[in-house]
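I've put the structures underneath this note.
Here subunit A shows up in two complexes: once beside subunit B, once beside subunit C.
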Partner chain A sequence: MKKEKSTKLELQYQNEKSRPKGVSQWNIAWRRFKKNKAALVGALIIGFVMFLAAFDSLIAPYPPNATPGFYVGEARVPPSLKYLFGTDKLGHDVFSQVVYGARSALYVGFGAAAIAMSLAVLVGLVSGYYGGLVDNVLMRITEIFLVIPFLLILLVFLKVITAVAPASIGGLSIVTLMIGVFSWASNARIIRGEVLRVKESEFIEASKALGASKRRIIFRHIFPNVLHIIIVLTTLMIATAILVEAAVSFLGFGDPAAITWGHQLQLANEAVKEAWWEGVFPGLFITLLVLGFNLLGNGLRDALDPRLRE
Partner chain B sequence: MLMAPKEILKIENLTTHFYTWAGVVKAVDGVSLEVKEGETLGLVGESGSGKSVTALSILRIVPRPGRIIDGKIIYKGENLLEKTESEMEKIRGKEIAYIFQDPATSLNPVFSVADQLIEVIRRHQNVTKEEALEKAIELFRLVEIADPEIKIWSYPHQLSGGMKQRMAIARALSCQPSLLLADEPTTNLDVTIQAQILELMKNLKKKLGMSMILITHDMGVVAGVADRISVMYAGRICESAGTKTIFYNPLHPYTRALLEAVPNIAMKREKLKIIPGAIPNLVSPPSGCRFHPRCDFAGPACVSAVPPLVEIEPEHYVACVRAKEFSGKLPSRS
Partner chain C sequence: MLRYVIRRIIYLIPLFFGILIIVFVASRIAGNPVQLMTVQNPHITAEARQRLTEYYGLDKPLYHQFFIYLAELFQGDLGNSYALRGGIAVTTLIGDYAWLTFELQLAALFLSLLIAIPVGIISAKKQYSKLDVTVTTTSLLGTCIPVFYMGIIAIIIFAYFLGWFPAGGAHSILPERYPFGSYVLDELWHMALPTAVLTFATLAPVVLLVRSSMLEVLRQDYILAARASGLSERSVIYKHALRNALIPVVTYVGLYFGAMLAGAPVTETVFNWPGVGRLFVEATTKLDFPVIMGITVFITIMTLIANLITDIAYGYIDPRIRFE
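Moving on to the complex of A and B:
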């Protein structure tokens, strides 16, 4: 909506060579971000994994839908030119599985983060802005979610829900949903804190004095001012979600039909000594991707912090 | 009270209290004042005397835990305290606008100045974005900003303090309000910019035919701008009169003490007089006249009863039991 507006306004200045342009917070953030090497490396890693996920069927030498899927044949062959990351005990090509696992990892990461952050932003904004009884009730609910032993309840819920849910809903989607639903609480608290800080600002009072409605103040004035926090938290949330999914799959509570790095780790667990390549490569990719998101998140935090000046 | 039909705002017995853990803070306790059409009223007093809370009460945007518990705020014949919240939203910014003390923080840092002006204009007027932009640029000309077409695309952090305050004034004026509440608009600016901004506001007021309440603790500022002055102390009005009367014939001891605390160029190596003590705790304010613990002329009558605001001479209201004694001859403070 904002973009459409600025292009419309730009039209007016089409003929003028020097269209006046202010330096927005985004301009400043981008300038800072470009200077941060670590963050750029993070972005590069994420870009690479996204590339794998986008063209998985082209990259993987033995796609799962081929016959035999993932090359079923020679079991436990060490890495070679034919099998880049070797094969597992069922004769699956580890490299192909790692490539296909990229999509699952990103799916869970982005999906769970989207769910968790939507809840967190909603609860944080409403709780922080309205305060009083609303705040009290929402924060008590948040605390309930915070004191639950996260992984344990996740495993229990997954066991129950996968047993009850119809098979048409993918197991991976349920895992994603569950991770999202159980990990919004701490983010909601952080966002609420930021909202509390911003809502005391004079410009919020000023927009009130100029006749802005409550909804307008929350979404048009407070939200953009806490957006930098939300972006950073989202990045870190993606990393956490990927790790949690890997843990769940490793423990055998994930979707057995899905190709995920965590699932690969679980299968590799029984033969660490004989076939190290089965576990090392998917593990490496988990580490790499999570590291990438963490680097990106840190870089974004430095770039978007309004208190830092160049 | 004089019932002139021309008054645009009349506040009667306004009472705004803050319900804090430490007790009920009686920030505004029975304030009555009026603003006539086209007039500038100077609202003067020390920090913490309730000036800002009075102004915030007019727009009904007193922050929690503050509540307006009594009184009437009659704007153009209608009591604002009886309006619904959505009716108030239409009045805020359109009929009555507010200029905040600190221009640095009263602008949203994430939007360009153009966006912020367009937002207010489109909120109250049915115009397209392009028309609103035209108007915004026009407003920038009005507040005497050079190169308005270029400057309007700046973000607040790119502007200087004086520019930000001009921009805040432009935003307040964007819908041609009938009443402007200026809450210490020049306090955070340096002296030369201060003079420019005051001159600008004076001219704009004349040009647009607005009324204005100018809140300040600076007697020099009101002397130049205000037509009438109301002096506030500890949540109450102690004296209301024309600017000249306040300066040449102040009858309330507090007004006099305030005036004596202003440095005077004719003064020769005299020590500046200060008002001993500090503004009282408004949770449990002093009985009777709230100024009595700091007043040089306080007697038993001042402690026992609250002095009402009475018209001592035409258009000169004073809330002091001994005001009549002081009239004409001013006993000097020791």
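Moving on to the complex of A and C:
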């Protein structure tokens, strides 16, 4: 009887091609994602900015390595075909600066998000899985970081660092690092919540019963099951980091040597009356890129979060 | 309820000390502040430096300085400024600037809640309608525009092209310029543009939150039960759903207020608004550590108070929290 059944199964799948193909969670998510127009627009925007960043020296008509950078000789010319976004007070082409700013924005966005999410995942996993005293201590620290007036501390740190080493040692990297170190807390809390939920599942119970080590359970069983949340949070974190860096540069605490949209806005703010184009275009690009990451993040959440399925 | 409130207050104390330690270390991480302040002064002698260091008590070990700071803090003394107005007391300085910050931030918070809650409810009630799509798209866009950019655009349009509002500051320079000769009206006139921008920036995430929270609640069984028992739609939404939908919103209001206060340097710089935020930027540029510390401590205390009020409101709305 038993043997008969197995041969039947073998017969059914004799032809490899007729075998029903497994559909993974990720396949299902991808199908759902493809239907989401807003998310695709977001991906397109990010792609466009990445393109600008990758080929900045080819796209920008006036390169920064001329002395002084982006110099075209005519100050405060309104947008025209020659100067797409006009020129600023010092006679620099605004469009070329915007193009070169793309790389800084992406650098800070991805860098800060990578740092913040690594910390958030670590704290979230450990705190959620171990519970007890570890959880208590980690969550108190997390709360401190949630309530702390983060922008104020960021400004002080950056100012102190430039005062200690006026030659701006890797300015943009320090901004990125500081944003990352101070923005993990809310994400850690969300990840912890997810870990607590997954931890109670039967398959965790099963692997415990099979004698799996704690490390194996955390990284092989829990981590893949909270990965979708991490992906969504990372995307949204990139958007936040870009906004924070823009604010810092706008206040004049960013890296003065780097070409950033926030810094352009700071210079433009001194003369909004005379030359509106100086600020309007860089700001538009910040908004566009942040919108791109937010749309992508929302799309990914709809595609990946099983609880939102109708 | 009283026990609950006391428990919340006790809970906030270690949080306050934790933040205090981080801020203190952050402001001293680079070493001696006197060294930093005088680094660009070629005429200063080592002896003068030594005298300044001793004067500000910076020659003692860091933990000792921290305890002195704490002791003074509990007596309501935040020290004296290094660089502003001839060493003015930090508490006086903050007192002079704080009201303008509060005025602006509270007006924006209040207005944004007043608009966001009904808009969010209507948007949720008519999910996927044209109105809902417009509201969600605008709100999403609102969360993506940096506040200072919104401010710059508003200044270009309403202050320069249309000339309706002043571009910055809190008061006209000459009293003759006051509308109808009134000081209060002049301040309100100056406040209009920053309040509008800040309101829109705060509004956007709250609308999205109210909407999603309302949608979540409307899916619950008790709403179905309320409808089945023949209650009017009005009663279902405003009596049964709203109270539950507001629970997550209340949690966020405390956090938002903290974030708004911490974001004050940005908003106040755009509109040249003379509040603590701009004062902070000025103090940081001059490495005036007592003022930096003072403002950070002040904003932290305000944030914690906002959180406490949030917690109390939370306990009031949701009985499960209160009796836990």
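We adopt the following convention: the second predicted complex is superposed on the first by the 278 of 310 C-alpha atoms of A that agree within 3 Å, B and C clash if a C-alpha of one lies under 4 Å from a C-alpha of the other, contacts with A are read in each partner's own complex, and residues count from 1 in each chain.
Here, contacts are C-beta pairs under 8 Å (C-beta built on N, C-alpha and C of every residue); 3 or more make two chains touch, one makes a residue touch a chain.
Keep in mind that what you see is a predicted model, and the values were worked out from it rather than measured.
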Clash or fit (per the criteria above) of subunit B with subunit C on subunit A: fit
Subunit B versus subunit C as contact partner of A:208, first or second or both or neither: first
Touching partner for A:224 - first (subunit B), second (subunit C), both, neither: first
Which of subunit B and subunit C A:114 touches, first, second, both or neither: neither
Which superposed partner A:23 touches (first subunit B, second subunit C, both, neither): first
Greater residue coverage of subunit A in the superposed arrangement, subunit B or subunit C: C
Which of subunit B and subunit C A:177 touches, first, second, both or neither: neither
Contacts of A:41 with subunit B and subunit C, given as first, second, both or neither: neither
Touched partner set for A:269, first subunit B, second subunit C, both or neither: second
Partner chain(s) touched by A:153 [first = subunit B, second = subunit C, both, neither]: second
After superposition on chain A, the shortest CA separation from subunit B to subunit C (Å): 12
Overlap of subunit C and subunit B interfaces on subunit A (superposed complexes): none
Residue numbers on subunit B that touch subunit A, as the complex places them: 59, 61, 63-64, 86, 89-94, 97-98, 100-102, 105-114, 119-120, 123-124, 129-130, 133, 149-155, 158, 168, 171-172
Touch list for subunit A against partner subunit B, complex: 5, 8-9, 12, 20-25, 131-132, 201-203, 205-213, 220-221, 224-225, 227, 306
In the complex, subunit A residues that touch subunit C: 140-141, 143-144, 146-153, 155-157, 159-161, 163-164, 239, 243, 246-247, 250-253, 265, 268-269, 272-273, 276, 279-280, 283, 286-287, 290-291, 294-295, 298
Residue numbers on subunit C that touch subunit A, as the complex places them: 14-15, 18-19, 22-23, 26-27, 29-31, 36, 39, 140-141, 143-149, 152-153, 155-156, 160, 167, 255, 258, 261-263, 265-266, 269-270, 280-281, 284-285, 287, 292, 295-296, 299-300, 303-304, 307
